[in-house]
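After this come two complexes, each holding chain A, first together with chain B and then together with chain C.
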Partner chain A sequence: MDMKVAKKLGLKERYTLMTRDLAWDTTYQPMDKVFPQVTFEGIKIHDWDKWEDPFRLTMDAYWKYQAEKERKLYAILDAFNQNNGHLSVTDARYMNVLKLFLGSTPPLELMAARGFSMVGRQMVGAGPRVACQMQAVDEYRHFQTQIHSISNYNKFYNGMDEFAHQQSRMWYLSDGKSFFDDAITAGPFEFMVAIGFAFEYVLTNILFVPFISGAAYNGDMAAMTVGFSAQSDEARHMTLGLECIKFMLEQDPDNLPIVQRWIDKWTWRGTRKLASVGMMMDYMLPKRIMSFKEAWEIYFEQNGAALFTDLARYGITVPKCFSQTIEEKEHVTHQSWIGFYMKPDATPFHTWIPGKEELDWLSEKYPNTFDKYYRPVYEFLDQQEKTGNRFNNKTQPMNCQVCVSTIKFNEPGDPMSTCFRETRYKGEKFHFCSDHCKDIFEHEPEKYVQTYISSHQGLQGNCAPEGVDVNAPDFNPGDHIADYWKLDKRATGDFNGSEDQKNFAAWRDQATKN
Partner chain B sequence: MASNAFIAFQKNEETRCIVEAIVEDNPEAIVNEQPAMVKVDVPGRLVIKRATVEEKMGRDFDLQELQLHLITISGHLDETDDEFTLSWNS
Partner chain C sequence: MAIKALADYDFPSSDALENYKGKQLLYINWERHRMFSRPFVLALTPDTPFSVIVDQYITNCYSYHPDFAHIDWTQVVWQNSDTVFHPDMTKSLQENGIGHKDLIRFTTPGLDGIAGTGY
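Up next is the complex of A and B:
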C-alpha cells in the first residue's frame, strides 16, 4: 500500500534549522569576551545572520558525502597499489614531482586544518562557524590522504621519508611555510582572505586541476584520485572564502580598504607560491597537457578577472600586482627550474636538463621568452654537464623576507636583470624579491622580521646536528646542513645515473618480460 | 562580455549524465574534455536542473550528490532542492 510521506523540508529550511537555529548567544559571559578576535583587525560586522553558506550543507549530509568520497578514494588507491601502479607511470622522473608535492603540500593542508579550527572558534555567526569546522575536517583529510597515497611510492623510491622533518627547515619549503605562518598569525578575517581566497581560489585551482589532470595523464591514478577528491572539497572552500569577502564588503563600507589591502597582499603571496607549482607542470611531468602559462590564463587571469569585475560593485579594484603577474607568467617556471638545477646537493629530488623534444615544447608554449632567454641557458648548462663541469651552486641562497622565495625573479620589464629590493628597519637591512613583498613588509615590519629563513639560520649556527660545536673556529655551516635536513644523498643531484632511475628500469623490465 | 561561470567534474558515468543535462539546459555551454576530467563553461550563468539530471540518469538524484564529483566551480553559487546555479554579476 502506498503511504503518503510528509513532504521533506526544503534545503533552505533544513539548513537554517540545522545550523543557525542550533546556535545561541552566551549569557554568563558577554559575546564580545567569548569572541575576542573578530574586532581587532578593524572589520565591522553588524548582523551575523546575513551570512549564509551558499552550499547549505548540513552536518549530516556532510558526513554522508565525505564518507562516500573516502570509500571511493581508498578503493582506487588499493587497486592501484595492488597492481604495482607505480610502474605504469610515464617514466621515473615523474617520482620527483611527488617528492616535491609531498614536502610542500600535505604539511600546508595540516596548517589549513589548524587554521580553520582556530578561525571557526572565533566566528560569531553559526553559518561560518559550521563551514569553518567542515573545512578544518576536510583539510585534515587532505593531509592524511595525500600522505597515504604517496606512502606506497615511498616503499620504492628515495627521498620521501623525511618530508615532515624537512618541511619546517629546508630552504625551498620555506615559501609555503611562511605563507601559512603569515596567515595563521593574522586575525580571523585576514586568514579567510588568505586561505579562502588566495589559497583556494588562486592556488588550488591550478595545483589540483590542471596539475592533477596532468598526473592522471602520466599514469598516476593515486595522485589523480587524491587530488580530485581533495579538490571536490576545495570547491566548497572557495565558496566560503568568496562568501566571507562579500559579507565583509556588505556589512560596512569601512571594511573596503582593509579587504582591498588583503586582496592585494594575498594575491601576490599566492602568485609567488605558484612559481614552483608551475615548474612542476612545465618541467617535472614527463607528459604535459597544458603549460603553466595556459593554466594561469584560464584559472587566474580569466577566473580572477571574473571575480574582480564582480566585486567592483563594492568598490574592489584589480590587485596592484595583476599586471606584473601577467608579465611573469612567461618567466617564473623557467627561472625556478634553473634555480633548482643549480643546487643539486640541496633537494631530496632530482633535476635534469629537459630533452630536445621538451625544449621544443617549451619554445612552442612560451614563444615570447623561451628561445630568447632560457633555451640558451639550458644549452650552456648541458654542454657544461657533458664536459664534466656540472654547475653546482654551493652557497646559501638569498631569500625574500616576506615570501621566502630565493631571490631569482627578474626586474619587471627587464628579463636580463634580477629584481632585488631592500629596506632598513631598526638598523637592520632586509631583502625582498619585489616591490610587492617590500610593501607587505613595510606595513607590518614587526611581523616579518620573525620570518624563518633557512640560510640565516644556517649561518647563525642553528642548523647543525646535535654534537657539532658551532663555536669551533673551523665551523662551517654548509658542512652540516644536509645532515641537519636529514637529506638522503641518493635522492639528490642528477636524475641521470640515480638509483631511482636504475630501479625503475629494472622493475619495469621484470613487469613486462618473463 | 559576461564572465564565464564554470564547473569541472571527474570523468565517470554519473558525470556523463550531469554534463549532458547541463548542455541541454544551457545552450551556450562549452564542454572541454581533459585527462580524467571535464570542464563546462557558460557565459554569465550556469544552471544544473535536478529534473534534467534525473531524466538522463533514469533515477532520483539529489543535487548535493554533485559534491562527490566536483572538481572546481567559478561564480556565485545558489543551491536549492531543484537547481544548482553559478553566476557572475557583471
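Up next is the complex of A and C:
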C-alpha cells in the first residue's frame, strides 16, 4: 500500500490556519452582543477582513523565538550577577536610575499586558485579536525580565523592595499609573491609539535611549540585555499600533475626527509622562548619552514629523501639542529635577546637585535656557548643602487633575512663571498644568473627577498606616505618609552621605585592592 | 462633552468638599520663586484667619529662600487664581471669599528669585 504523505504547508497557509481560521462568528448570540466594546466609541468598521496583519507570526513560531531570546538573556544575567557586575557600573548614582525605572515602568508593562489581553477579547477581527494576544504576552515578559534584571541590585542597594506597594500610592508614580488607568478604562480603539500608537510608536524611543543605551553606557549589562531582548518585540508593537490607526482611517471617514482627538490627547499625555524620563538622561545617568533636547529633536520632531506627514494622506494633522513640546524640551528636565531634589524625604531614590563638569555639560547642551534660568539656583542650592542647610520642602504638592504631574511646568512663553489652568464642573474647581490637560478634562469630566491625587488622599485621612487615628485633632498626614508608602529611610535623602554611596565605594575598593 | 460609555457612568469626585470633614483645600504659590517647584496644598477649616496662612504656612515653606526676608508685605499683590484681591489678614478664609480648591498666588514686586531667574 502506498503511503499518502501530506504536503507540507506553506507559510501563508500555516499562518491562515493558525490565526484567521481559528475565528468564527457566533450563532447562539448576535455578534454585537458578544462584542459590544467595538462600537460604543463611535468607530465604524465595515469589514474586519481588511485588517492587514502586519507581522505574519503564528503562536508556535512566537514561542520558539521568545524561548531562544530568554535563554540568551538569562545566560547573560547569570554571568553578570555571578561576577558582581553591579560593581562595574560607572558610579553608585546610577542605581537611582534603576530605582526610578523599577517603580515607574515594570508595573506599567503589567498594565499593558492586561490592556492587550482585554482588547484581544474585545476586538472582532481575528487579525487584531491574535496580534493583541501576542503583545499581551510580550508585555508580561517585559514586566518580568525588567524586575529580574534589577532584582540582583536589590540585594545590595536600598529602596527597591517596595516598588509594587508604592506604585499605586506614591505621588511621583501617580502620573504613570494615571496614564495607563486612563487608557485601560477607555474602549479598545482608544487603548490601541494610546498605547499601540502614541506610546509604542511615537514616544517609545525616548524611553529606550536613557534606559537601554544608558545602561550600556554606564556598564549595566543586565539592564542593557533586557532592552535588547525586548527590542524585536517593540518593532512588532509599533507596527501593530500604526496598522490599527490606518485600519480605522480607511474604514470610514467619520473615524478621522475621533482618531485625531485621541492622537492629540495621547501624544500630550505621553509627553508629560516622559518629563521624568528626560530627567534620567540629563541628571541621573553618570555617563550621559545625549541630552533630552537632542533626543526629542531626533525622535519626536524629525521622526515623529515624518510619521505625521505619512498620515496626512488620511487627513491626520500633527498633534495640537507639537509646538508646545518643542518649546518645553529646553525646560522640562530641569524643572523636574528641581521638583525631585527639593523633596528628599519623599522618594525611594537619592537626588543630588550635579557636579561642576555636569553643570557645564548642561550649559553646553541647553545654551538658550540653562544658564539663564537654572544654573544659578543649582549653584545656590549646592552652597546651601555644603553649609549643612540642604533644601527640603516639607509641603505637599498640587497636581494636575489629568496627567497628575505636580503643577511645575512654565507658562508657555514665560519660563519664570508657573502655568495654571482651571475649570469648574458641577460646582467644583479643577486645576491643570496646561491647556492640553484642560481640554482632555473638559471632553470627559466624568472620568477625570475620579483622579487619585496622593496629597489630597493624605489630607482626607486615607494614607495612614493601620492603628493611626486620622480623626485626632492633631492628625498631620505628613507624619505618617512615609510609613504608609513603606518608604525605607535609608533610600531617601541626598546621595551624598547615603549608605549606597558608602557601600559601593567600600565594595569597589575590595574588588580592586588588597 | 459627555463621556461615551457602555453603561450608566456616574461616579463621585475624589476631592468633593464633603470628603474633607469640615475642611477645604487651599493651594498656595509664591510667583517667580520656582525653586519650590509647585504650589503646596493645605486642608483648613473655612474659619481659619488669613493671617495664619502668612504667619505659619507661607513662612514655614518659603523662608528658606533668600528673597523671603526682603518681602515688603504692604506691596504684595494677592490673587485668587487670576483675580487680584485684597485679603483682610484678620478675617477668615470664608470672609475673604476663599472657597474649596482655590489657588492663592502672591507676587512680591522687585523680588524675582535667585539672580533674577524666577527661581
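We take it that the second predicted complex is superposed on the first by the 495 of 514 C-alpha atoms of A that agree within 3 Å, B and C clash if a C-alpha of one lies under 4 Å from a C-alpha of the other, contacts with A are read in each partner's own complex, and residues count from 1 in each chain.
The working rule: a residue touches a chain if its C-beta (ideal position, glycine included) is under 8 Å from a C-beta of that chain, and two chains touch if they have at least 3 such contacts.
Nothing here was measured: the structure is a model prediction, and the numbers come from that model.
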First (chain B), second (chain C), both or neither touched by A:Ala305: first
Contacts of A:Thr239 with chain B and chain C, given as first, second, both or neither: first
First (chain B), second (chain C), both or neither touched by A:Tyr65: first
Touched partner set for A:Ile338, first chain B, second chain C, both or neither: second
Which superposed partner A:Ser213 touches (first chain B, second chain C, both, neither): first
In the superposition, chain B vs chain C on chain A residues touched: C
First, second, both or neither for A:Gly355, with chain B first and chain C second: neither
Which superposed partner A:Pro257 touches (first chain B, second chain C, both, neither): neither
Chain B versus chain C as contact partner of A:Gly315, first or second or both or neither: neither
Parts of chain C lying in touch with chain A, wherever the complex brings them together: 1-6, 9-17, 19-21, 23, 25, 27, 29, 31-32, 34-43, 57, 60-61, 64, 66, 81, 99-103, 105, 112-115, 117-119
In the complex with chain A, residue positions of chain B that touch it: 3-6, 8, 10, 34-37, 64-65, 67-81, 88-90
Residue numbers on chain A that touch chain C, as the complex places them: 36-37, 40-42, 187, 335, 338-339, 342-343, 372-374, 376-377, 380-381, 391, 393-398, 406-408, 410, 415-418, 420, 422, 426, 428-431, 442-447, 449-453, 455-457, 459-461, 471
Complex contacts: residues of chain A adjacent to chain B: 10-12, 54-57, 61, 65, 68-69, 72, 204-205, 208-210, 212-214, 216-217, 224, 228, 231-232, 234-236, 238-239, 242, 289-290, 302-303, 305-306, 309-310, 313
